[in-house]
Amino acid sequence: MVYKDCEIISNKEIAQGIYELCFVSAQIAEAAEPGQFVHVKIGKGLDPLLRRPISICKADAGQGVISLVYQVVGRGTKVLTEYGPGEVLDVMGPLGKGFPVIEGKCAVIGGGIGNAPLLELASRLRSCDAYLGFRSQGYKVEEFNACCSQVQLASDDGTTGAKGFVTALFDSLKQYDAVYTCGPKPMMRRVKEMCKRDGVKCYISVEERMGCGVGACLVCACKTQAADGSLHYSKACKDGPVFDAEEVMLDE
Amino acid sequence: MVYKDCEIISNKEIAQGIYELCFVSAQIAEAAEPGQFVHVKIGKGLDPLLRRPISICKADAGQGVISLVYQVVGRGTKVLTEYGPGEVLDVMGPLGKGFPVIEGKCAVIGGGIGNAPLLELASRLRSCDAYLGFRSQGYKVEEFNACCSQVQLASDDGTTGAKGFVTALFDSLKQYDAVYTCGPKPMMRRVKEMCKRDGVKCYISVEERMGCGVGACLVCACKTQAADGSLHYSKACKDGPVFDAEEVMLDE
Amino acid sequence: MSNMAVDIAGIRMKNPVMTASGTYGFGREYGEYFDLSLLGGIVVKGLTLKPREGNKPPRIAETPAGILNSVGLQNPGVEYFLENELPFLRKHDVAVIANIAGNTEEEYCAMTEKLGASVDGIELNISCPNVKEGGVAFGTRPESVYRITQRVKACCKVPLIVKLSPNVTDIREIALSAEEGGADALSLINTLLGMAIDIRTRRPILSNIVGGLSGPAVKPVAVRMVWQVAQAVKIPIIGMGGITTWEDAVEFILAGADAVSVGTANFGNPFAPVEIAGGLKAYLEANEIGAIGDIKGKVMI
Amino acid sequence: MSNMAVDIAGIRMKNPVMTASGTYGFGREYGEYFDLSLLGGIVVKGLTLKPREGNKPPRIAETPAGILNSVGLQNPGVEYFLENELPFLRKHDVAVIANIAGNTEEEYCAMTEKLGASVDGIELNISCPNVKEGGVAFGTRPESVYRITQRVKACCKVPLIVKLSPNVTDIREIALSAEEGGADALSLINTLLGMAIDIRTRRPILSNIVGGLSGPAVKPVAVRMVWQVAQAVKIPIIGMGGITTWEDAVEFILAGADAVSVGTANFGNPFAPVEIAGGLKAYLEANEIGAIGDIKGKVMI
């Protein structure tokens, strides 16, 4: 686990309101598993105060470069867009439990900014189909094309791929040995249900508001069900963000 | 009174820990009187929260440019050094009551960063001697040379001019019709006493911690004595920062 | 066109944005920046019966996302206000509220009588932490809040607003005492008692040692108190404490405020209250909300 | 070489920097960043008699220079702690303080007995705003503070620290009650009760509605309370509330703290407590101060 200032290589808008930021860190790139995240301090002062968790989109161990893809939603991500090449970013990571990489035929199913954490995973899977949903403009589609057997697209307004939900792109998931998903809760809930119905192993990456990012403060509670059926609050930052679909509750 | 974003032309270290920042504002440059200040918002967020009062060092009405000279003392001035040409600075000004420009033979006596507010004044006085004290390295000395009949220098460590206090550069101030001073309180107190002794009119520019900068919040209290001898708290931002030496108390 | 007008216990304002006492003088200074008639109301600097010089400087310390102040009620006295400041304010189409502070119940009553019906409302400052003679005590005990409210109300010719101190264990209890005492409206919060030390000189930054904390830092405490009080009382509430943007104002109104006051934010941005009023209006229109009152207390629990 | 060691009512620490309860788990996580033996003390996450799941998420909201949390004392219970967490902490040369919270006096006593002399000290959390059953009530009334302190003290085998809530009218009164009840030391402040509303959803950001405010925003309130309490009591004080830099730590010590705790600052900088300890030492040496205790309460008034 690393904590340091990393030099930024680039920080550019790659779709409307969505940016890709690449920074140098041999250690993080070496250690990163798909689905893990970094905890980023934005700005030097007290505003904003907390770090922001951002998933690792790509980890290039050869070059020692990490790519983050982030959506501008509030003050922190807004200020993040102002960083330029050569500036340094204060980063902790890689953090959390990533996606287990499975040998068989897999699918990644993403929605919105939730597509980003699936790219590193897709690139490591032996056989992978990708179902990607966007609000409007797509991003990183070529990269998914490069490492997936098949890529199917959907968008809310029809700009990218089929108009509608990404979950409308398939009727069954039976053909897969494992399905990985990240995106809006209703989408993930639907994927979880379909996997359950089709008897497919499913992994889900959740988002919770975080404090420490390392498991010390317990604010990132995510409801999970133990094997005996008992319910608990797990830590999204340490026990997750990736959970086995059977374990994670996804209730509101 | 103006309130707006002004484009920065330059921001450079001109002596150790002392910077000059020039920005464009035809309106402020036009309206500025020597000794007035601008109230500067540093950074875009809540940290630091308050504006910082900085005196106008030079106001070039022809070019529409204002020069500020500031010393790095804390977080605000530290962050100010990070602004570069082309960036904009949120500025209110010109604020406060400046130095009255008098016809006769005058002297400006400055100490440390207090020399800065005296430059615009010196350049407007018909006949002016300057006594400038520095901690070590001097700044803006050539500009004072260009507009003063005589410039005498002193510094704490002897790096610039004579070693010692600026007030040791003269025994009497009798030759002057008016003396203007800005700098550390003990220095100004000494100048005030000498002027009183020598029967010379004296104007003093004070520093107090400020909130609004315009006279609305009453935090910048500066003790003054009315003609009838009664003591009051005046507003350094609105009634000052320049006061008649007979009026201002300069007590601790 | 959404309706921005509010009526705070009979004080009619064209919009719910006021400026907070002590941060806005008597309006003159910020009046150089824009037409004061754009504001809903102006609460003037805390007045005392006799002129007061206030505390020794330094009177301000910057803290994380906040400030401490210890002005100590410097003001020219209620008579000077009536003769020299009120006429200027009256040239504008804006509600004028006199904030008053005293050391005894008698002083509060004397000021209230002098003010008569010349202002649109009186705000009882029983919570200023910078007056040592008893200012705090009035605002922190339910019985004294009840009694002083009742006494002032008896001689008050205009709506009476009681301003609450946040430095209490149970704000609801204090609010209820003011309501029972006859307050027509409440305003909250005043400043939180705080302290800052300069580690180089080893002295408190404020020469008064302690001062009142205001600004964004206190907003969560203020929102919580407005929410608690809104559930306890039936009278209107003027919310304040760190309001800097129109979003902050919406937050207070959802929590239960009928109107809001802008204080510390003026120092950073002289146009803050005007921009907040504009932002509120745009928000109502974008969300097709007919009137500002429609969202009062509408936080969904 | 300046002496950084402190003795808090018998709890010996190599330096005065501790980590605040609830922000540091049981030390394991930050132990991956550096050797925990560099710390003076670790106060563990608030323990309850039985395991607790805590409140529904979201449990955190960012506010100006602060955070609101409503964890609600999620913890594995005191027995699990003794068996599975304490042994890990004991491998380090660091004082271990157990923070305990209960719904009844009996629960507090049962936990104290179970803990026995296994920890270096017990911190009585009678001020957590996130437990509804009575947690707050304990800490806001002088009589109940006195009584619970006395009862727990009677069965406590190690130094007893009482942690005070800032949500009170008069912190001195509460501090004195704890001292009279037999507290060996005091720690303050716990969090200020606050609230934040998401104006888009119109819901409170925290699903528990209200939460505890911590971080730099509260520092002026914390410094003021430490200063007030230091003048009222004779027992040692552990100061906290927004401490982020060594300068902040000096401010608290000058105000009257014997040791300090670092909470929210850990989230931004995992090395914060170590850097603060280093900065304090450098400060003492640069100023030729023989021991950290020499500046306790030395603010010049």
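To keep things simple, chains are lettered A, B, C and D as they appear, and every chain counts its residues starting from 1.
Note that contacts are C-beta pairs under 8 Å (C-beta built on N, C-alpha and C of every residue); 3 or more make two chains touch, one makes a residue touch a chain.
Everything numeric in this text was worked out from a predicted model, so none of it was measured.
Separation of subunit C from subunit D in touch steps, taking the shortest path, is 1. The most distant chain from subunit C, with centres taken as the mean of CA atoms, is A. If you average the Cα atoms of subunit A and of subunit B, the two centres end up 55 Å apart.
Centre-to-centre, using mean CA coordinates, subunit B is 46 Å away from subunit D. Chain geometry summary: the mean Cα position of subunit A and that of subunit D are 35 Å apart.
In subunit B, the residues that touch at least two other chains are 46-48. Among the residues of subunit D, those in touch with two or more other chains are 61, 64-66, 215-216. Chain contacts in this assembly form a complete graph, since each chain touches every other chain.
Those residues of subunit B that touch subunit D in the complex are listed here as 46-47. Those residues of subunit A that touch subunit D in the shared complex are 1, 3, 41, 46-51, 92, 208-223, 231-233, 238. Against subunit A, in their complex, subunit C makes its touches with residues 64-65. Subunit A makes touch with subunit B in their complex at residues 43, 45-48, 75, 79. Across the complex, subunit B is touched by residues 22-25, 28-30, 32-33, 45, 53-62, 64-67, 69, 71, 74, 215-216, 244, 264, 266-268, 270-271 of subunit C.
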